[in-house]
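Have a look at these structures, which come just after this line.
Next come two complexes built around chain A: one with chain B, the other with chain C.
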Partner chain A sequence: MIVENDGIADTLELRRGSTLARGEVMGEICHHLSPFQVGEKPIAGDTVIAKDLTIDSLAIMDMVMELEDRFDVSIPMNVVAEIHTVDQLADTILKLHARR
Partner chain B sequence: MKSLPTRNSKLALHRAGFASVPAMLDYAAEGETGVTFYNAKGEQLSALPWSDVRQRAHVVARKLIGAGFARGERILITADTWPGFFDSFFGAQYAGLLPVPVSIPVGIGGKEAYLDQLRRQLDASGAVAAFGLDDLAGYLGEAAKEFPGVRLHGGMDVLHELPEKPVDLRPLGVDDLCYIQFSSGSTRHPHGVQITQRALMANLAGMTGPAGLDVVVGDRAVSWLPLYHDMGLIGFLMAPLSAQLSIDYMTPRDFARRPMQWLNLMSRNRGTISYSPSFGYDLAVRRGAAQVPADLDLKSWRHAGIGGDMVRADVLERFASTFEGAGFNSKAFIPSYGMAEVCLAITFSPHGTGVRTDTVDRTTLAEAQRAVPAADPADDRQARRFVLCGRVLPGHQLEVRGADGEVLADREVGRIFVAGPSIMPGYFGEPEASQEVLSADGWLDTGDLGYTLAGEIVVTGRAKDLIIVNGRNVWPQDIEWAIEAKRLTKNGDAAAFSIDTGEGERVVVAVLARVSGEEARLALARDVAGAVREAIAVDCDVALVPPTVGLPTTSSGKLSRARTKANYLAGLYASASPSLKPAAA
Partner chain C sequence: MGLFDRHAGLLEAYRDVRTTGYDPFQIRMERVLSPTEAIINGRKTLLVGTNNYFGLTFDSSCMEAAIEAIRAEGTGTTGSRIANGSYNEHVALEQEIAEFYGKKHCMVFTTGYQANLGIISTLAGEGDQLLIDADSHASIYDACKMTQAEVVRFKHNDPSSLEARLRRLGDRPGNRVVVLEGIYSMLGDTAPLREFVDVCKKYNAYVLIDEAHSLGALGETGRGLCESTGVIDDCHFIVGTFSKTLGAIGGYCVSDDPDFDILRVTVRSYMFTASLPPSIVASVRQALKVVKARPELRKQLWDNVATLYDGLAAQGFKLGPEHGPVVGVHLPDRMVAIGFWRAMLDAGIYVNVAVPPATPNGVSLLRCSVCAVHTPEQLQHMVEVMTGIGRQLGVIDDRTRRVVGGAR
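So, the complex of A and B:
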């Protein structure tokens, strides 16, 4: 069983002094997703990526890859498979970034 | 890190002719060649000479035997391209156990669909253990919960932590099965093809022999093909192993992200043999054309095979012209035809001819099932180009038959049947499904349609409703079920099929729209496309069908996808989905 230990991860992150702002991650994700927005509904944290937008699966993979490169993280495939919303994607990147 | 040599210093090249997979590996292990794994950046991750592969497999085999697994029991393995797959697959071979290679999850949000797939595969194979990538250990455990017969599951550590006992190996032999290949049947009702050692050896002999790729000293294989697919596992693990070649691998995931790395690997390591479905060549052009490295050198590539989906001449021509400057020879293309039910290969185009096409009249083809040369081959509306896929392998037979089972003449389109030593004995544990495709006298109904031309086969489509997207087989039932599962439609209110766009297949889902108002209709179309993308990782167009029009059914009341498609092509249903953008180029 895996025990999440965000307390330690946060401490390490602070010590390293490389805090990644959530806004920056959200901004980057929204930048990638904006071409696929449907109508006037803005892209928000609860936007379900594969469902609420017109993005196709190859473009989703491209985006994940570019986000991984941009924030220097690697999202394991089992974690990717559990991401549905923009918020979940952002939180995953922040969590992995903090653990680097 | 040093890359493994292309040639063995002393060991003579033996092309197939072995009794079994363990016998092939025993022989290859006497040389210095082997497998090397690369990442998306083209960096070497690890290299295993065949001697190491064998050594590690022996250790795993003793652990598996020591753990009490009985001969013939099945072991599910997530077949990502990594050394763990080699350890467990070959370990099973030396332990007398049957590997069941399965895919890894695709895309975001795919967890539930993947677990569902795992459960169905555990059920169909009756597996007693399930091993995989560490990242997937949790999924294996979750899927195995319902199966008390699965006695051991988890990441590779679970396998490696078993004690190695001083037991005798019990390698699979010529009369045994080799493994179970899931690539046939829908994910709801998966059919596991029984790959026997004997049929595999026969198919490998054909593939590596003069009518196949005619493997010679100096050949080197490069592959990004998934090892859970017959083209990856048999074509680019078993076949090179059967001729003691070195293989350079990258994962399918990394290929999709960085397709140019495939060509870079070919160039750097002087690869000579590599295969891809048409879509892989297309991806390399679309993503790579703008940034062809100046030092890319594809002159060594002597067999550029195409298989796994309909061979597309236009795609291959674009690839050839894009990489001609880098030394790619268009005559290296080898259109091929095959399926898991014959292990892998059934026909190969002759060497040195490249892609040869036959351009036929569309109307006669559709209405009279005859492939008549087109009056004006340049007129795309009336002319349809097909690729010749070559002759059947020696020792095998191929026939194109009409509706009454009669063998058809050249240019008459019918169902393709094959017979010979590579044919499977049947689907695992499914006598009825096996009987549907195998006749008592040993002929396999491929379910594909085509015609012959002076002894060569031209494949025109599939009799079954199977959809192939980017090299992936997708069953329309799975798409329809994904939509129904989200309660967007009732059972029977959605019909999935694919249309030939000339560039590839496009999935279309026709759904009965029991909603009114433009907004509600658009929302339904979006939800349907979203549900399909989430569950199956496939993009689709949605056509909304008014309930007054309805979806066509067969005489027995079953949904008729073929007629739905015909209606759609005739313009009876308006496409309601906002046209999806093509993948970022």
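So, the complex of A and C:
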């Protein structure tokens, strides 16, 4: 039950603890990363975003902005810099989401 | 891993660029003849990529002021502003810029890059939040690497994207500092500043705006986007540069904050570098007088912008979203951009080429910057040359000329 519109998100979602499913976050990340996939190797939790894919650092930051709005969290740039794998990105989003 | 291995990707891209024969990052101006012409590769070349918006690099009054200052005070200060490098003239320049904006305080830096780097990284400290536009200049990004504050990007020129990020901060402690630019340097688009200011007011955030490309060009008296949108009083910090419209080098920041001067002993890019040489301070003071005294330069600039922008649009080129002293021409990819750029240089016209990773959204651009002292004939000639090259390269349609709404 994620609402993209920020104004509505306020009322529907910010009320404590609608828990976000990990699968949903992983699905969204993979959706954003799929254009940068190399060969047949599927994108998985241990995929190293900047190394195993063809995405550059600016595009990673732009993807993060999309994910921020999708899940209504903000991921500071210094936190992004510490994220290497898809799993770490998903965990960060889930953690920030739970903390709201 | 060797020291340079991490640059392997960049090296490869750079090699691509150089296959065209000229290296756009190592162009040499063999002799500069005027604000609009130079000798490059042995030939007289029209300059349309210099940020010299008012053409003041050769203004005789500015040149005379600089020469006189050298005779009076020598070639350099050999010291920082907090040691032996503050002369009467530095202080006078600061007062004149503060007065120009109607603000109480001004600090002058040795470059605009250092102004952004030092001011932004120091203003927002530990526990604060810095919110920057996604298309911010490198100097702003570098400030973000230095700051102890938390940094979040919002979508380019999108006040609702900023608002979402401010809202998410909720009642967390910390000062919010929002960083914007008047005119963005790649596509020449302006920020929706009023809307941004409204959002910042609602969330009690400070506004810092970099008017690097809008000084002189925008506003009734040339103070930039903050003036043309009527929000000077709502911009807590205005940063700018002397290296574009004012035709020299240096940077500044103005503010009304009563404690602003504490930055003189906290901002490291101000404290630990030599101050501007007397000649530069003198030419900048004179250039500021020229900007105030000759508003017709602004009109000439915008007339020239219309000639170039509308001329290119009428031929079907895809341009930045609005008229501006920077005209960004979109090209399909890096190699076409480099080829186009090279063909223009062969035809005697210099513009900037901008390719990823230096551009937003991976676009490849020819970045043209217009000068008030370009003649209409020079710019019409440029449109003709670009049209010819554009057709040869298949960038614009060969036969049918698209007519763009209301253009000329």
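Note that the second predicted complex is superposed on the first by the 84 of 100 C-alpha atoms of A that agree within 3 Å, B and C clash if a C-alpha of one lies under 4 Å from a C-alpha of the other, contacts with A are read in each partner's own complex, and residues count from 1 in each chain.
Rule of thumb we're sticking to: a residue touches a chain if its C-beta (ideal position, glycine included) is under 8 Å from a C-beta of that chain, and two chains touch if they have at least 3 such contacts.
Here the structure is a predicted model, which is why all the values come from computation and not from measurement.
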| item | value |
| --- | --- |
| Three-chain arrangement built on chain A, chain B and chain C clash or fit | clash |
| First, second, both or neither for A:76, with chain B first and chain C second | both |
| First (chain B), second (chain C), both or neither touched by A:57 | both |
| Chain B versus chain C as contact partner of A:35, first or second or both or neither | first |
| Partner chain in contact with A:65 - chain B first, chain C second, else both or neither | both |
| Contacts of A:49 with chain B and chain C, given as first, second, both or neither | first |
| First (chain B), second (chain C), both or neither touched by A:84 | first |
| Residue contacts on chain A - larger count, chain B or chain C | B |
| Region of chain B that runs into chain C when the structures are aligned on their shared chain, from 63-71, 117-125, 297-305 or 549-557 | 297-305 |
| Contact residues common to both interfaces of chain A (with chain B and with chain C) | 56-59, 61-62, 65, 76-78 |
| Contacting residues of chain A [partner chain B, same complex] | 2, 35-36, 38, 48-52, 54, 56-62, 64-65, 76-84, 89 |
| Residues on chain C engaged by chain A in the complex (per definition of touch) | 134, 144, 150-155, 160-161, 163-165, 167-169, 356-357, 360-362 |
| Residues of chain A defined as touching chain C within the complex | 6, 10, 56-59, 61-62, 65, 68-69, 72-78, 100 |
| Contacting residues of chain B [partner chain A, same complex] | 104-111, 114, 133, 135-136, 138-139, 253, 256-257, 470, 526-527, 529-531, 533-534, 537-539, 578, 580-581, 583-584 |
